[in-house]
Structure formats: structure tokens, C-alpha cells
Amino acid sequence: MIRVQPEDFDVGAEIAALTGGNHRIGGLAVFVGLVRDMAGEEAIGAMTLEHYPGMTEKELARIEEEAKQRWPLEASLIIHRIGRLEPGDRIVLVLTASAHRQAAFDACQFLIDWLKTKAPFWKQEETAGGPRWVEARDSDGEAAGRWRKRDPDAAE
Amino acid sequence: MIRVQPEDFDVGAEIAALTGGNHRIGGLAVFVGLVRDMAGEEAIGAMTLEHYPGMTEKELARIEEEAKQRWPLEASLIIHRIGRLEPGDRIVLVLTASAHRQAAFDACQFLIDWLKTKAPFWKQEETAGGPRWVEARDSDGEAAGRWRKRDPDAAE
Amino acid sequence: MKLLYFAWLKTKTGVAEEDVSPPAEVTTVAELLTWLTSRGPGYAEALEDLSTIRVAVNQVYARPGDPVGPGDEVALFPPVTGG
Amino acid sequence: MKLLYFAWLKTKTGVAEEDVSPPAEVTTVAELLTWLTSRGPGYAEALEDLSTIRVAVNQVYARPGDPVGPGDEVALFPPVTGG
């Protein structure tokens, strides 16, 4: 499942809704991304998340589908927030559930890695020097590259 | 933090208690292990978790300390339940938080891998053929072995 | 053809969205980008370093040689930074 | 010396916990295990395959050559299966 929303999410409630009653699940991996108050050496007052409505949902659904092809998942969920967020706010939730823990872990990490390099979101930070668009990090490309061996149609 | 308890835990509440207000956290990884209703081809009615009081806590604390040495964690928590559990019940929670997602992911996976091969818990399953002690799986040893390169005092 | 610009690309072009009618010889993503730079200094500046530009045609990532045509929605944006 | 048995080891020895006084020549984990097998058929059966036995001395994993002595707490158990 995919959700793009300005509203916050409740991790415990999302887990319960997605996995409650499914007794085939042996392991559940969750990643939550949060707004930090520092970017390198600089203080961040807040950030605004822009996205590309329409493509965002398609790209997230495509990434999720890819994860389902690669791992035997019982459930998966990606929630990504948009709009203005402050330090400590949740940005993104990735949840994967499988009979086996390694599949849940790998799928969760794959989803956040790919999301970070493929889903059309852009962060603008509010700093003392004014607003600033966050630059993509090479390390995110490298993290996503780990999964590329089975990705014949990667656009990048 | 370490807890060994018969009681269930609330994942959302544990996350909030451990990480709320810490704006240095950028990524939070969570693993929840659950009781499945099948072990291979066989139906499981319930399971009972035995442990070695005293050593369990020491071993979990040692594993957590090792994770803190290896990764820059802002917070970590291991909760492991004991006693009788039924399919769908939560068994274990591992939670790690760091400025960076990869550290949170790696530490979380390390903790559950090591816990599975080092912490003195034993599962007894209730099957149609009577109670049966679960056998350790080679794959768990291999999973833990991934982290062994920097483990000079491993006993196994 | 509908064009969309995101993040700092939008700031440089000065528009978030526009309808354009490139000449008939513009048939690929690469040709569209070249044509766009001729539309004014903001566009030229936005497209100065193509290594920082990602393109999606009809909401799917596209390569320089991929075709573009009159009915397409073409989005230009910097490398993504979500998650 | 206090001995503890867990999981199926406890079933085979028939006790969860006992105080024992091995002879003075028993000074290592390996010597203790050998001596234990002489204590009855349940013990011999429990310790038949040492590859399935883990030992902790004073709540820390121990190897066959590690020392054991009168005041120690020694636990015997199968490979762990928690998590």
C-alpha cells in the first residue's frame, strides 16, 4: 500500500492495521525517517517537501511492486508526507512483513533505498541563510545501487 | 535498554518513549518478531519461551553494548517476551535510532541476528504430536556470522 | 505539450507549468532540452548542467533518446531528495 | 558447584538445578561434562552429542578448556532459539 499525505501517521496503528490477524507473519521490519534539526553543521528550522503528484504515486507503487516480486512479503506499506515539517516530525514510513525476518529486512531497506533515489520528492530546508534545496547525496545513489543487479529497466 | 517480560509491548508507545524529542535522530529501524501458526508443514497451537534469568539480561546488555560500539546510535531497545505465546503474538522488539538510516538498519539487524544465536532463550512449540523443542537453524548462525569479523571474544 | 518544473528548476524557469509547441524537428528528450535553452536566460541557466536534470515523460523516467510528442506531459526536475 | 539445565537437557537429566561436588581433578568445562555422564543414564543421554550442548560459567559462555571450580554456577543448554 502507498500513501502520500500531509498528515502525520501512527506507527503502531499502521502496523496493527496492516498485519493484525495474519499469523503467517514471522517478522516485521519498519523504517521511520525523521526531520533532524541539523544538516551537516547548519541548524534547520523546518523543511518543506514538494512532490510530483501523479508520478509520485506511480513510482512508489512501482517500487513496492518490485519488492513484492523479489521477496515473499505478506504485507507492505509506504507512507510519505508532503508539505512543511519541523525537526522531530516523521517524514516517511516503510513497513514490510514476511514469514522470515531476512526477507522483511531486505525488502524494507530496498524500499527506502529506492524511494530515496527514484520517488519524485524534493526537500527545501529553512536555514538562517534562507531557504535551500537539499542536494541529492552520492551515498543514496550507492545505497540504491546495491539492489540494481536485478533492475534491467532502471532509468538512471 | 533491555527488557525481558511476559507482558506484551506497544510498538508505537515504545518508539515514542525512546525517541520522542530527540531531534538528532534521522532514521529509526524497528524489528518485531511474531509467533507464526506454522512451523514448516506443521500447525503450531502455541509456544512457550524459556530463558536463563540473569544470563539473558547480561547477554542482551552485552549485545546492545557491542552495537553501540559499532554504530553511532542515538537510542536502542530490546524487549523479549517469555512464557506462553500464541500465533500472532509479538515475541521480540528491536529498535535502533541514529542520525543516519544505514546505521539504524545495520544495528537493528545485528541485534536480532546476535540475539538469535547468543541470548539464552528456548522455544517449545505445541503441536498435534505434543510439545517439541525448536531446533536452532543453521541460517541463524550464518546470519550472525556476517557480523563476526569484529567479534574477537565470540564464544562459539 | 505540457511541461512541468519542480524544485529549483521551477525557480529558475519562473514557471511551474506551461503549454509549449516546439517545432516539429523536436522529437526526443535531448532535442526538447536543447530547444528549451533557447527560450530565455532563465531556461538556459536552469539547463546549464544536464547532469543535474532528470526528465519524466508521462510520469515515467525518460532517457535523452526517448521520444516526446505534442500530447505528452514532460517534467523536468533535479535528482530527488525524499525519504 | 551449582548446575543449571535448560530446555530438553532439563527433561533428560530430570532436574532443573542441583548442587554438586565433583572430585578435585575436575577443573575444566570438558572434565565436568565427562564426569557428569557418569552420574546416570539420563546424564549420559543428555550429553551424548556435545555438539548440541552450550555451557555458560557464571552466566558467560565458556569453552571446553575454561576452568570451573566449587563456587561456580555452570549452566548446560542446547543452542538458543529465541528472537
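Think of it as A, B, C and D in the order they're written, each chain with its own count starting at 1.
Basically, a contact is a pair of C-beta atoms (placed from the backbone, for glycine too) under 8 Å apart; a residue touches a chain by one contact, two chains touch by 3 or more.
Everything quoted here is computed from the prediction, not taken from an experiment.
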Item to complete: May I ask you to list the chain groups that still touch, directly or through other chains, once chain A is left out?
Response: B, D | C
Response to the item:
So the chain most remote from chain A by C-alpha centre is D
Worksheet item: If you average the CA atoms of chain C and of chain D, how many Å lie between those two points?
Response: 72
Item to complete: Could you give the separation in Å between the centres of chain B and chain D, each centre being the mean of its C-alpha atoms?
Response: 26
Worksheet item: So what's the Cα centroid distance for chain A and chain D, whole Å?
Response: 49
Fill in: chain C: positions in contact with at least two other chains
none
Discussion item. For chain A, give me the residues that contact two or more of the other chains.
Written reply: 33, 112
Worksheet, complete the sentence: Pairwise touch list, complete, is A-B, A-C, B-D
Worksheet item: How about chain B: which of its residues touch chain A in the complex?
Response: 10-13, 15, 19-38, 87-88, 99, 101-102, 104-105, 108-109, 112, 139, 143
Discussion item. Considering only the defined contacts, which chain B positions touch chain D in the complex?
Written reply: 33, 49-52, 54-55, 58-59, 80, 91-92, 112, 115-124, 133-136, 140, 155-156
Worksheet, complete the sentence: So, in the complex, the side of chain D touching chain B is made of residues 4, 6-8, 54, 56, 59-63, 75, 77-83
